[in-house]
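We call the chains A, B, C, D and E, going by the order they appear; numbering starts again at 1 in every chain.
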């Protein structure tokens, strides 16, 4: 093994020698430093190789040929090898990223950087407690020097604050180190760790050491100086502080915690407080670098608490800590480097990355990695963390971690939303230099690679789930192709899936077959509409496929982990799909926040489950015994955020309405079914548990009220897509209600509704979307009379609304019929009545939709409009055929469904007798009704036709209108606020109380954040006071 | 149950009876209304004359395809309800096609006609059509609330959703009628019936045609004839539905005619006495006493 | 004994630490803050050296007379604290120097040495 | 010898604390710097008494000498800058 | 002032904690602890430096010294870089000569000081003091020179060279220890020699000389840089 002293030799030797070169030979000195940093990387990689491949054992290298404690030992083990590799890679790329800064006569920058990274290496390696102090100071001074070279406006005052803070902190460390020596006569870490019972002095000493390291890691609230450094310094230096120095200090803390088991609780508390508090305060932050600082502090806080959780996590500790650390390390460095490319500090300035889509993608990768989305390492880290915390019954910690993560998600996604949506014309264009680009690219690639690699290590993730992700990556690389080619590839991918993977499920698992079918076939159909788009449609296909991949993984999942994996992938993909819409920035954000909140509820629920079952099989939910109620509730809430149940629905209208025309059906008709599937799985597994009955009862009410409020709200909309979105909320309310009944008939209802909703909502959204593309507005009152211009669209909407309303003979009636029978059987009469009533209310909005858009007076500006694009018409009419088939031969679909459901509910009153479907209460023959009505309709049509063959078509304004002939269509098209009277009577039900509630909550949080961050006065002395107060308070706490 | 042509004959005969009874009944009601208002009123055969006149008118205008289809939908709605409604207790031949679906089918098929009419009128481009329809739909939702509760109550009571079975269960004397055994459901149902018959005070829906405009004006000639034919059938069938649900059904045609007359008369009677509601008033009204009655009806049978 | 060498030294050390700290926290002038920091450092150094002191013993330097290679373990004090303090002093100087350069550079831009004038970065 | 040391230290201690208070309270920065230098000088005597001649030398050379010098240089420069 | 009294209270609390948590726990040790015992007992035979502190600082725990050198190097780099005036435009003779007394004194003192400094670092293994102290003394001598002769200028390049080479040699000696003897900074690759003589204690005198040269030249370099920018002094 290469001796680590060569790091010292190379680093210092070169730094000293460079004085000889003088100012002229700057270029060659830069290259020499680069070589030195390369050699650092080489040395640490060689260690890594030896540990990973050759199973080398931990080796200590002693200085001066004596054994410690009489000399200083540098230890090289696997941990050290990993950490030094990270640091040295960071060092190399930091130097690259600062390449241009070296030009401006700052020839000292290189040696200082070299010494800084050498110092960090030594901090990782050394086992001598006082030596740590020396290298802490070297690090501090080197960093101070780096900041001093910084040309940014406030870099120097920030650097000064940093220096005085670190002077105080390192003195505390010095005191601790000296006391350690006096207490046991050794400065060798292993000696101290071997002590069985520590003297009081040793305990105080260890306390001071740990305290000062924690202070170095910027705990809340003693961290104002760090924030100022992040904000004030060059982002490339911020990257070093956050990624390299942060990681080093964390490792140091971990190393020294070997002798301070009694301080674990302290670490947990401090870490989590920092995690939550800094993420909270970050909510109101507008400066990108400072925001990154808050985020860094938060992440580091989380890792601090994980270090404190070492004993609790046991075997999993290293995995968890490393996963989160590596994500923080790569992502934060990447983000800071991205920031370094921009002139402006504003969050919104990041929108200029839109012009360089590679950078935007990298930005997205970093953000998603930080939040803990798959396939990034932090996903596995957080998963394992939560699972293990649940297993050890640390529920409050789970709550704290999830709250903190949620807060973090808020601002990070808002920021990403800015980057994707905000107008960037007022910001300077980003100029990409190779030396800025290379580090970011490398780290982004490393992040992806590490995530994909990690998936192999995790039990419960099948390799096959990663193939779609690689495929998506490939699609992204093909992004330069025109849309129709990518569309074809995407359809081919889904078609391949449909033909290869889907059919076996028919025999194996019908439930999954149905949902997979909805996702795959729905995916193909909605993608066909994509042919209507010209140009390249950059970024659309990767994210659409990401969503479909997530959905498919979700359904195929056999383990809770891959279920959650799919859930998150799907969320990520759909977020990008939604945010593509024109005005969808805030809707995308609220979608994401509700999704993440829901995902965390699911995570917590799955964690609690694992704690009891010790099994990640998804059906292990069934064997839950304790906390069944809580688990059921958490999971249900998680799924309900996706199905937009009342109270959790406020994201949906905007998100669905503002999405692109072919995206709306994807996210409405298809995506929502993911939540339904989740609920199905949940109820299959846990429905038999008597404890959950009461929650199911509540869910039934929630479903009923959702249906009511959704439909009522839809009736009062003026925006066609918003109307449909509210309609989706209501439909999902029906499904929730039906599922909650937990009976054979109830689930039949739910299945029928799911299938139907998929078809008619896809038809309606596709049609309306296609119309919107033609007319250029969502507002229904601006349309009208389009039946003359768009007969195809009209027929589609007509079929859609008849099916949706449940009027026989179309398939919607099947849902109503099952619904009635299920309600009567279950005895949920009042809820049932509410749902039924809301079903009637549906007529209001359905009429409004078809009337306002297609009937009434054709507007002048729409006289030349063409019928919907053929690419929209194809999927629409395929779906209409589907509805017609289902309506004419419902038993073909219903009988297998019923048979399938008998595996969970064997006692059913449902029987199939030829064309008849019988229950305890009633009977129904879909085919018979269809035939009867068709014949009758045709006969009557003929009757009218015979009697009135000489019908004359009159002109538009040829109506009897109070002796006046109207001239303008607008004056005779009554559409705006058409249900005013109804609103007067029942509008109170849909008053936006829930949105107000959420707004109040968010206002409250924001004001807390505003108030909280006032402690950061910007005065270096105040920061010192904070640190001192922190010391005093923890000292007092500790003496107790 | 299988379909046969004899059945079809009985169905057509039943349709004829119902149509003529409906026309006569509407004349009777207008006559009664007029007499109460101390007018002479129309001749009893006037509806037939009107109908023939309408069908005979030659000039016919259309605003478009949906305008044309609207009456067809409407007519199908009326005839469809007739088809799925059992008329005479215990008679296979007079039970029409009720074997194809139960009460739920009838409840939902009501909308078929309404929807078609709404769309047809909507295409006429007349603003008042849209206003009338919006009011109609709004009021209709309110009517359905108590009616649903009443029907659920009955379904609980008789443990079935089949109208045939419900009627069967009420046989054997007046004391077995739902009106006695389930009075609250009957109250809710009959109050809802007021609304669904569309007489005052719930006739705001048709109000626009008093200032002579609105759907019936745009529709004239054959279209109006079709609509009139449908109205005659629909009124009888709505009365028949309530008869079947609450008043023991009919054992013969005489009973059918008597009961439907009385039920229909109930709405006219109320209409003569009370003034018209505005739409928000009528919606709110249905959410008061009728709704409470329905809730009580369910609670009693839970 | 209250008035022993080490007690006086300890008292002086702690007082220096506290005074230095107070100065660093209350003096608004940046250079004065740095001065206070160096006083604080000196106090810490005195504290450490005092901890390492053993009454009656001499410095661990073999002079061949009083202290020889044989008796040094009995007559001389612990060399390690001295080594630590030596290091700490030099490092303290490095930190002080860097702080001073910062002070100078800050002053160059703003013409002010008042720490209250450097609160642009906050919240 | 012992007593002498104690008295010497006592005097030194009082002088040190006095200088420290002076450094803290004085209005003039250069006085404060001088006081800090004096403290270092006194401290090196402390170190000498505490049987640490190496530390004493270092403190005298670096704490009292170099540091004080650097303080003055910087102070002068800031004053110079302020004049400009 | 409320804020200041709060701070005073805080500092007081810190003092109380320091007293209770640290000082009260301190007991005057009866005998040397194991590390000190080892150093004091074995140093003479292992390293052979009369000054045990030097042996500890340079050999046993030589990394500390290397760290110190690094810190000074960093500080000197930064100071030197930032205190340097961009370009001198004023003519040289704008600077008045130092006072007569100063000039005379410096003529005597400067060589003496330099010799003293060299003595201190060369004898670091025998007597108190060593590279840092010696270097600082040499720096002071250069300061005197600069004060006496503001116009006096020595080529700074020389100092740069001395600094770089001595620093590098120090590191190289360290590596030589790693390669030739027991470990990094092991000074025993040179013979221990006879106790109390100049050429004893292995490579310690060499190392201390290098450090002395490096520190001295660093400090001198800074002072000379400053001298270039010294204002008129009266």
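One rule holds in what follows: contacts are C-beta pairs under 8 Å (C-beta built on N, C-alpha and C of every residue); 3 or more make two chains touch, one makes a residue touch a chain.
It should be emphasised that the depicted structure is a prediction, and the values quoted were computed from it without experimental measurement.
Participant: According to the touch definition, list the chains common to the neighbour sets of subunit A and subunit B.
Facilitator: Neighbours common to subunit A and subunit B are absent.
Participant: If you tally contacts for every chain pair, which pair is highest?
Facilitator: A-B
Participant: Centre of all protein Cα atoms: which chain's centre is nearest to it?
Facilitator: Chain A is the most central one.
Participant: Rounded to the nearest whole Å, what is the centre-to-centre distance of subunit D and subunit E, using the mean of the C-alpha atoms as each centre?
Facilitator: 18
Participant: Please work out the Cα centroid separation of subunit A and subunit E, and write it as a whole number of Å.
Facilitator: 56
Participant: Just how far, in Å, is the C-alpha centre of subunit D from the one of subunit C?
Facilitator: Computed from C-alpha means, the inter-chain centre distance equals 10 Å.
Participant: Measuring from the mean C-alpha position of subunit A to the mean C-alpha position of subunit D, what distance in angstrom results?
Facilitator: That pair's centroid distance is 59 Å.
Participant: Residues of subunit A that touch two or more other chains: which are they?
Facilitator: Where subunit A meets two or more other chains at a single residue, that happens at 130, 134, 137, 141, 144-145, 148, 175, 181-182, 187, 1025, 1028.
Participant: Can you pull out the residues of subunit C that are in contact with at least two other chains?
Facilitator: 6, 21-22, 25-26, 47, 51-52, 59, 61, 76-77, 80-82, 84, 86-87, 90-91, 93-95, 97-98, 100-101, 103-105
Participant: Pull out every residue in subunit B that's touching 2 or more other chains.
Facilitator: none
Participant: Can you work out from the touch definition every pair of chains that touches here?
Facilitator: Touching chain pairs, listed by label, are A-B, A-C, A-E, C-D, C-E, D-E.
Participant: Quick one: which bits of subunit E touch subunit A in the complex? Just the residue numbers, please.
Facilitator: Interface residues on the subunit E side: 7, 10-11, 13-14, 17, 20-22, 25-26, 29, 33-36, 38-39, 46, 59-64, 66-71, 73-75, 77-78, 81-82, 157, 160-161, 163-165, 167-168, 170-172, 174-175, 177-178, 181-188, 214.
Participant: Which residues, counting only subunit E, touch subunit C once they are in their complex?
Facilitator: For this pair, the touching residues of subunit E are 4, 7-8, 10-12, 14-15, 18-19, 23, 26, 28-29, 32-33, 35-37, 39-41, 43-45, 50-53, 55-57, 61, 64-65, 67-68, 71-72, 74-75, 78-79, 82-83, 127-128, 132, 195-196.
Participant: Using the touch definition from the top, list the residues of subunit A that touch subunit E in their complex.
Facilitator: The touching residues are 3, 5-6, 8-9, 12-13, 15-20, 22, 61-66, 69-72, 108, 111-112, 115, 119, 126, 128, 130-131, 134-135, 137-138, 141-142, 144-145, 148, 175, 179, 181-182, 184-187, 199-201, 204, 1025, 1028-1029, 1031-1032, 1035-1036, 1039.
Participant: Flag every residue of subunit C that touches subunit D in the complex, lowest number first.
Facilitator: Where subunit C meets subunit D, its residues are 3-6, 8-9, 11-12, 15-16, 19-20, 22-23, 27, 29, 31-32, 34-36, 38-39, 42, 45-46, 49-50, 52-53, 57-59, 61, 76-77, 81-82, 85-86, 89-90, 92-93, 96-97, 100-101, 103-104, 107-108, 111, 113.
Participant: Which positions of subunit A touch subunit C when the two form their complex?
Facilitator: 130, 133-134, 137, 140-141, 144-145, 148, 153-154, 156-161, 163-164, 167-168, 171, 174-175, 177-178, 181-182, 187, 224, 227-228, 231-232, 285, 290, 1013-1014, 1016-1021, 1024-1025, 1028
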